[in-house]
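Order of writing sets the labels: A, B, C, D and E. Residues in every chain begin at 1.
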């Protein structure tokens, strides 16, 4: 099913239907009304028929159908093409990454998604419920609000990761560590950060080009919102750098704790050995079978030896304590 | 309570009151008098009424109410907006971070703070006590002095951290180390430096744009002070880099000491084991129950053995000493 | 044997033959027909005779004959010269690196290869089977499609390496590690990445210069394809950076696992020693030969001692368990 | 005491006196004669009176009195202000860091120092003894020669550190290491390099601006000398980078040696333990008190056992030798 | 002895002689003939008289006599000055570093060397034997060929180091390692790379300025050769980066092998201890002298104990084997 929202200040229509019916709803460039077409790219034929209707360059259609490349923006005569990565959190914990392509021009915005679920619900409800400026404005404002929704979710995702890192860190600092889990969690966070780096840094660059590439599409008043988005993404890139530093510190902390713990065990065990080895020697000594060992026959040898051994052991323990060995 | 200071060379007035009364004190752009309005952002309505009075763009109002983004400067027709991070030290030890937004124009400077307590006390007392040039100058000079107060506190904060690092370092070098505390202190300093990096480096960039963005607001004579502030922040960024290097060296030192200490313990314990193991073997040897062990029955075996063991032990100790094993 | 494909929209001819016959097939700049000459550089004389026929600068001929330098593009009066590294995967596993030089001008493209086997098979079959736009277009389009074939194989190669890294990673995470092999595989991947870095990053730069350096050679419609290739190579460079990060994480994982495993063994062995050393001492104790050891003669000493030792051992094991030592 | 040297080609005067007398010697801008005033900044009043006499901006006076900032150059109408860090070696070993501020204009150069002792002795004696071009030239040449003296001492200081590093390195390579000292020396060199980085890199930048900022002050022939100084400082920055690499290599070497040494000790001790543990077991074995141990009673058991033990020990030693364990 | 080669297409003269005679051979700027003067800088007087003859700026003469600075190029009215580092390999193994200064102008090239031996033999023999274009061309072509000779030797030197690194690497991988030698060789290669970094990177920059700085000296046809040299040096810089990566990988490999080897030894020794410690305990057990130890008197205790010990040892070995501990 596709999803078309048509609106102007006075009215709005929500059109849904089978992909076969799509073409009959298309209106093309239009001053009176804003048309937002949201389809997913799994229906190749559908994308291609849209491409034909809006006269998209066949490289644009290729880019829409084969996401996987970096964010980019490209201007054509009657439309421009923008592709960004969308990331959002589902089920409180899992980050979903998805490519979104925009094709926009006078009076229409088309969004091409890869998977069901997106970050545009708020925009949809604002159009339907007539909240905010959306219904009063043209397609350029819709476009900017959709991009803003994506950019805001970058921030939400990064904040989610930040809390995750801080959670692990505070667990470590409070001694609640379960080794396997921590090192695996660190690995998964690193994988997420590696992915996000490839999305968010180029997104900043691409957003920097939106103003010049889209020509007259953006009204002057909309450009202020664009700058706002750029500021947010700039902040997110800097937050991302902070997250990397935090990860480095977290791993240092984890490695330090792991090795401290091991060292503590090894030290304790070695201390035990060192305490008993001299005692064992002494015991071995009086186990010798020489005929002529005078101490053997003295009646008080045994209790004296017990005393000596206790003193020896205590001496070693006190020595280690003063040296702060344990 | 809000806080308005109104002054020119001849007079000054200190206006305080409930937020409801704020609007009646506002004067708007004014050649004769400088008005400095200092309010905190927790009273959203108050900020919004100020925004309405001074015709602030609603994105500016958003930025004021939702700090958390990076330092930035933005020029509008009748005013400009600057947001910076303020940091200062309270109770000799704790660093407080806070966002400060400036809105300034002809004859007025508005500062929006997040928390009680700031770094502007000195400026306030200079206006009130007629010290320095402040009373003779216009709003641009006030603005610059407020920014300078923020920038100077960057330096004070960094210097505070520097002394903290050097204190830990000298403790380590003098052997006064208490492990847990040092590694935690290092962690907290790293957290502070991570935060400050995100504030101070972009602050330098933003201050570099103040001159062009504020247009005619700054008088020529005030610009020299702006350059001075830029120099200071530039110096602080370089001091910050030095602090990071110092932290790295400090952590290297700490890690080296920790591992040296552990190695020393393990080495000592291993030496003890190695000394006693051959002796224990010899003792075990003469504990064997063979019928035909001639040494067992010789009368001088026992004292000879004692002698041999002492020689053996001394030999090993001397060998280790010459090899500088301990 | 050389290999010439001559085509226009209507016809195509595939010319092959001995290198001696090469000169008789050459047509030179030509509006009607596109000639693609593909030879390998091992026949020096042949390259030089081509150089003479097309009036190539002798530095160009040197560069063709002595590959090994970086990618570069150089424009001359009647032709331009481009040299790139080609990499492709043979036998599912081995990466073959090879230099390809292009000389192209009005109506002709010459490709100079080092080794048999290349990435141009798809282009060849499209010309022969009349698929795609190729037969309708001029030499500039052929040139771009050949470069695209090379660029696409960068992506395929990197993807291959990425899967290899992920394969190793998942083996490690699932505990299927065979030390020698993993560290060797890591070494070989590092070598490949080192090589590729030297090829792919400068390739991006060189492709950025193709448009300006080739002057009027590229038609306007072809330039869109060039931008597409540039986007792809840009994406591959960013993928390459991700691979390096992945390699770093992989090595961290491998090192962590190796040292964890070793630590586990050492810890277990040390625990065994620590358990038996006190027991051995006690056994040694009652091996002493003193005349006056009252416990020796008591009838229940032996079973009591057995009991004590079991309790002692269990106590130590329980202590270690509660401390999570193993 | 202040120190003024007044000279032209024919004459020179050396004026010294109490700070109270300073003002009566000042000549101000002057075509006929060059006046070099050298004072230290501890006499605040004196600096301020100079500031008043030469009409220095009060920010300049502030900068002179409160050194600690980065090198900078600033042009004013009648003079320019340059501040640099001076470093020189005293007592063959200690590096002294000091701020020097220059104020120069037509016919005069004023140098403000922090501490007694400087790097200008050679320039002073050249003026006094009429060596070199100094006496024939104007104030700009004097200024350049003073800056050159500072720049040359950067090189001397770095060379001194380089020799220090190489000295430590060759001590390490020749086995002459005394742990505590080496790690402390490394720490002190790191501190020096950290300081110098903050001085020398910005100095290069500032010197790059001298030509444009000083306007007509520098004669064309003097500019060649300025370029020469810039080259030197550029070389010193590159030398500085080399020193950092050397430090890294030195620390790697030191750490490697420290850990090799420890490993060698631990390995040796562990080998001793491993040699004796099986022997001790065998000895323990024949210390068992079983009634029915036939070997016990055989007359040749004892010498055979001795033989076996020697063979066992030799076997283990030979095995370890072939495996290159020691 | 100095060395002058004078040539044009028709003739050439090789002039050698004592330094006193030098001045009588000098011809100065000259259209008909090319004069290449090659002297070493140890004869200061000789350099100064050349400086006087060609009217060199005294800073140029200083730079010639005191090499040690970075590569640089400087244009003067009648000549330009270029200084580069030359490196070549002597006796198959040793890298010799030397400064070469060029002074060139219409009809003459002067090369100032520090040491006997250089990389110009091929150029010399080409002039003498009339090979290549050299004799037909002017001084600019000679200059370029000399610079090319230097640049080519950068490549040869780096290739030499690369083979050295690969040799060590393959030795390590084949298990042929002799610790002390490898770590020393790594140290020496690091020293060489540190030096070369300081020579080759700035050389690339300087060569980039040759075209603009030498003004009309270079003919248009010669500039193509200059670009070729720039390409080569650019490639060498990238090869240099690869060498650094290879060094890092080599050191990682070496460190990993060193620590693996040590770990293997320690593990083996610890396993031996762990195997014998329980056995020793059991032996000690039956060495106890209790009156009432029933096992002692049983006739089959001894063979049963032997059997138990064998089973125990085998059990532990099998357990370790299944756990892949050795």
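FYI, a residue touches a chain if its C-beta (ideal position, glycine included) is under 8 Å from a C-beta of that chain, and two chains touch if they have at least 3 such contacts.
Because the structure is a prediction, the values reported are computed rather than measured.
Engineer: Mind listing the chains that sit against chain A and also against chain C?
Structural biologist: Output, common partners of chain A and chain C: nil, no chain qualifies.
Engineer: Between chain B and chain E, what distance separates the C-alpha centroids? Give it in angstrom.
Structural biologist: 43
Engineer: On a C-alpha centroid basis, what's the spacing between chain B and chain D, in Å?
Structural biologist: Chain B and chain D have C-alpha centres separated by 27 Å.
Engineer: Please output the residue numbers of chain C that touch at least 2 other chains, ranges allowed.
Structural biologist: Residues 266, 270, 273, 277, 280, 284, 287-289, 293 of chain C each touch two or more of the other chains.
Engineer: Which chains make up the ring, in order, starting at chain D and heading to chain E first?
Structural biologist: In ring order, starting at chain D and going to chain E first, we get D, E, C, A, B.
Engineer: Quick check on the complex: what are the chain D residues that touch chain B?
Structural biologist: Chain D residues touching chain B: 57, 59, 68-70, 72, 74, 183-184, 187, 190-191, 194, 197-198, 202, 262, 265-266, 269-270, 272-273, 276-277, 279-280, 283-284, 286-289, 293, 295-302, 305.
Engineer: Looking at the complex, which residues from chain E come into contact with chain C?
Structural biologist: Within the complex, chain E touches chain C at residues 173, 224-225, 227-228, 231-232, 234-235, 238-239, 242, 245-246, 249, 253, 256, 263, 266-267, 270-271, 273-274, 277-278, 280-281, 284-285, 287-293, 325.
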